[in-house]
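Dropping a structure here in structure tokens format, bear with me for questions.
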Amino acid sequence: MVFILTPDAPEARVSEFIKAWEDRGFSTILSKGTVHSAVCLIGDTKEVDLDHVVETTDIVSYGKRVTEPYKAVNRTVHPEDTIVKIGDWSIGQGTFTVIAGPCSVEGKEQLLDVARAVKASGARLLRGGAFKPRTSPYAFQGMKEEGLALLKMARAETGLPVVSEIMNQTQAELFEDIDVVQIGARNMQNFDLLKVVGQMKKPVLLKRGLSSTLEELMMSAEYIMSSGNPNVILCERGIRTFETATRNTLDLSAVVVLKQKTHLPVVVDPSHGTGIRSLVAPMSKAALAVGADGLIVEVHNDPAKALSDGAQSLDPGQFDGLMGELRARAAIEQRRI
Amino acid sequence: MVFILTPDAPEARVSEFIKAWEDRGFSTILSKGTVHSAVCLIGDTKEVDLDHVVETTDIVSYGKRVTEPYKAVNRTVHPEDTIVKIGDWSIGQGTFTVIAGPCSVEGKEQLLDVARAVKASGARLLRGGAFKPRTSPYAFQGMKEEGLALLKMARAETGLPVVSEIMNQTQAELFEDIDVVQIGARNMQNFDLLKVVGQMKKPVLLKRGLSSTLEELMMSAEYIMSSGNPNVILCERGIRTFETATRNTLDLSAVVVLKQKTHLPVVVDPSHGTGIRSLVAPMSKAALAVGADGLIVEVHNDPAKALSDGAQSLDPGQFDGLMGELRARAAIEQRRI
Amino acid sequence: MVFILTPDAPEARVSEFIKAWEDRGFSTILSKGTVHSAVCLIGDTKEVDLDHVVETTDIVSYGKRVTEPYKAVNRTVHPEDTIVKIGDWSIGQGTFTVIAGPCSVEGKEQLLDVARAVKASGARLLRGGAFKPRTSPYAFQGMKEEGLALLKMARAETGLPVVSEIMNQTQAELFEDIDVVQIGARNMQNFDLLKVVGQMKKPVLLKRGLSSTLEELMMSAEYIMSSGNPNVILCERGIRTFETATRNTLDLSAVVVLKQKTHLPVVVDPSHGTGIRSLVAPMSKAALAVGADGLIVEVHNDPAKALSDGAQSLDPGQFDGLMGELRARAAIEQRRI
Amino acid sequence: MVFILTPDAPEARVSEFIKAWEDRGFSTILSKGTVHSAVCLIGDTKEVDLDHVVETTDIVSYGKRVTEPYKAVNRTVHPEDTIVKIGDWSIGQGTFTVIAGPCSVEGKEQLLDVARAVKASGARLLRGGAFKPRTSPYAFQGMKEEGLALLKMARAETGLPVVSEIMNQTQAELFEDIDVVQIGARNMQNFDLLKVVGQMKKPVLLKRGLSSTLEELMMSAEYIMSSGNPNVILCERGIRTFETATRNTLDLSAVVVLKQKTHLPVVVDPSHGTGIRSLVAPMSKAALAVGADGLIVEVHNDPAKALSDGAQSLDPGQFDGLMGELRARAAIEQRRI
């Protein structure tokens, strides 16, 4: 059950209202909008007389029952789009944010080369894996702390905020100075990790699991939001199906469903989503057309020698071509790139 | 193994060349291009000395081994795009063809209403099911012959060529005056039906099966082409996955893969692909952006009362809005709608 | 809605009862049991007062609403197990029927060798494909009519009834003297073919489609039963999943679900279900343990040279070993082999 | 590349042999068998002359190239079955080990009731979740440390060793006195957690991920073994497919494949694998027949009131019936229960 508050509800009254519900045994989530805030009740609301509450509480504008299991991420609870600020850039309505960089941070020169190139082409954030989840224990596991340090150096050099994947909840401190923490597909239901990033004060890029339903993805976002962090960016990155022509099946309809059901921004990963370099550009254009809020794209200065995911990485020239194609299409979608 | 012929190879010499191979026990496919034609050998070509053939046959420009199991549909064998002509319109390079109409033909008034509306909005072909494959024997099975007659009447009235689904190989005669025969997803591997439409002299719209790999789809197209009919249009219409938020998962990356590996046009069915009306427009725009050659969209004059698939049908107003959005984006993709 | 009749309901009264419903616009299915027969109404039964009918009709013992979309195959409508008689053998409760033979009939000697061997080892029916559905138009398509003739010859020689796959509805006459017609996985939703075999007077072995839900399989059986043929045997043969270690994923839980929800016998195809010879025996034993009514197993006299599916075929020695293992386990499951 | 050692190879010589390889830059895994031990090299072995090593090293009996990416778990490297000892019971060849207990530990009385009942019926280990991974942050998350304490109390009372799920790597200490730590399906590729349990000195029950291939499961076991813990038990618990009649599709063929490719014991979870109480017994019997080394089954003293997974839990009477059925079938499979 959610109560949408009047625009001018005084903070003290809101706190009282929340406390009253908590005294009755409910958990609450306060969802702040730019105009309307809302208070969502978690618990057995069957006995609550919604109309009575609305009529007798002047700071409540109206109320609704929320039948979906996801509450804080639900567009019913928070009708406006969430806008996630990162430095002086905003992910959300009105922008199409391209995050680019190598799959793995492999060294200073590699990272700086790629960072300068994607910055020049128009990327807004730099991605790079420092801790790498790999199927094989014998594969390259990432440069770890050193990789994070290189990311910060590349940020200092280019001004691009950085995105990197956190692999377990003991690493929260290491990521304190990383701009966006990423939860990888394999960790989408690592609930203890979700709770930890829910307590961090920074945006979280949450990737859909390989075989997660959209409802499960929304429930994982709910873990983060209900732990206190409203800055969640959802990411469609391809699901596992019977088809073997592509590495995964990139589900672009997920973008539309997620934007209808939640208020969170949604970005698309065409690199993991297809696993094939020549599919990245067309699927990126399709992601823009379908209404995504951005992309996360793998770019490597020498894909043939990449320590991971070379087959799906663009080189800087290809990325620059893609950015040109996207800019040409962004205006018609009323997006700033 | 394929031999690409010289542009000026005389027909008689080509026939001799083909006959010589058939005398040696090979099957052959003659693939006609606007500039280069090609002769593809089917059979055990391991012992054939390709270089020797190229050097000693003046009508052969060059040769290649074709390792994929699909030959006639293979872009290696026929590097140019196939263009399928329907009346004075062409599906293929340079156009984005919108096929629209009701899921089922339900009556004269319904069909004419929809046909006039989609024509006015810019559709190039009219779709309508007369024989309906339904999961339940107790569901509406279509108007059958009467439905085909209504389609022809609607064509006479609007000038739109018509597309309808053939359900078995005894119906070939009934479809003689239908412009495009459709093979439905459930019949994609009904090989006897594929052979029959391979002998028809009209374009075939071949839908991907619910759980068919792209290679299987290409092999089914190969059945049609190797039976003599080069006018095959492939159709991505969503695959079956674990996700239940949408009726199927529309695999737009399939469009790119199919256009890379074959020379056939590829259209997208966003109606069956999603099963949800509000997803049709965004996925249609994405299909244009990804490089599809067109759409097949369900439109009903009164979706709430449709005898089949109402939940995924647009009403004429929604369809008109979609066409406006597509027109605005077609120029940038260098497509005529 | 189904009305279970009293054991002694006179045939004439039953016919009257049925006619009365049909006069009111309902379709009916008369389901004959060994003790109780039942009349199932198809149509909009919301307005029918079930209790009133039961109270006022002395040949009706009781009635039930059937909420599932499948009616004739529903165990609610026909609580006893259906027993399918083939010659002097019965498939159904109390037996575990092993159907064995080559994937394809390849010649007289091959078929007779295999037929004699599987008979000696205890198979009850002989399988063999005469018309072969193949992904590639260039692959062996079966011996066709000649293959059917060889099957009949093998039957004459060994006394084993024969099972073979029908590929389209024009072949009904060709299969008149075949004991059991098989509908292959790719044709499970070839509804016109289902209607035709529904009019044949012989048992039908209906294979589950590669990505068919159990409800879809039951609805396809409903097509056959509602066309007049009650002798349907369901077959689980593996479904398509993301796993590539096996050709398909054999879903043994399907056997239990199907036997709970329908009254039809269910057999298992461990050969297609796994695609790997060494998995056939363990999965066959598991099929017996889980409650299946039998198996359909591929056996070839020289698997390495088989024209189709050699990798999953047992040789006669392996099949004999399997039969020994099954016999040792049949007693405990109270099954005759 | 693996070198199988002679039965009498002195330990000092083995250490020298290993050190020599590590000096050359290879990682090594020493795999101890009851007769033959083996040394597996990890790294780029293309340049190693296998025959030369075998000929010139008297403690090496023979060598093989291991082409699969999994080494330590590979049956080629360790041909004998691994037997995992837990107290005075052994999981592995010759036994069929039934692990039973509630999904969640819910309280002292509940746990003791169930523990006594399953012990009386013949279970060898007690399962019970203390930390629960739940899709919703608002669902019961387990009794946590208190749950672990109750498990130990139930062990003291019944003598049954206990199995419980570890959810993250900070919990290793908490599980020091738990007999078997379980890695849940959602954590199968939580690689940091795998490394931590790889350093624990106790058996690990590793569940297959919801959409993990068997190769990925084996690679996750490789993480544990290559971190030093050889006591890994694999668990098939159902995979995610398009089918909705069951909660998951239990893949019994996986048991056979895993036992062919690895030397590790494999158990089956028919409770999560089906999600339906009435399917648990038949699938358990099938698991025994297919060659599994045991089961992990959910049993609750009052399933209707269970805080999690009640619909798939047996009550003690049903479990006792199942054990009777299994005992009747164990002899024929030459298994002790």
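By letter and in written order, the chains are A, B, C and D; residue numbering begins at 1 in each of them.
Here is the rule we go by: a contact is a pair of C-beta atoms (placed from the backbone, for glycine too) under 8 Å apart; a residue touches a chain by one contact, two chains touch by 3 or more.
Since the structure is predicted, the reported quantities are computational estimates derived from the model, not experimental observations.
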item	value
Longest centre-to-centre distance from subunit C, chain (CA-based)	A
Pair joined by the larger number of C-beta contacts - B-D, A-B	A-B
Between subunit B and subunit A, distance of the C-alpha-averaged centres to the nearest whole Å	37
Euclidean distance of C-alpha centroids - subunit B vs subunit D, Å	49
Multi-partner residues of subunit A (at least 2 other chains)	211, 240-242, 244
Residue ranges of subunit B touching subunit D (in the complex, touch as defined)	211, 240-242, 244
Of subunit D, residues touching subunit C in the complex	211, 213-215, 239, 241-246, 249-257, 260, 273-274, 278-279, 282-283, 285-291, 328-329, 332
In the complex with subunit A, residue positions of subunit D that touch it	27, 42, 69, 71, 133-138, 167-170, 186-187, 189-193, 195, 210-211, 216, 219, 222-223, 226-227, 240
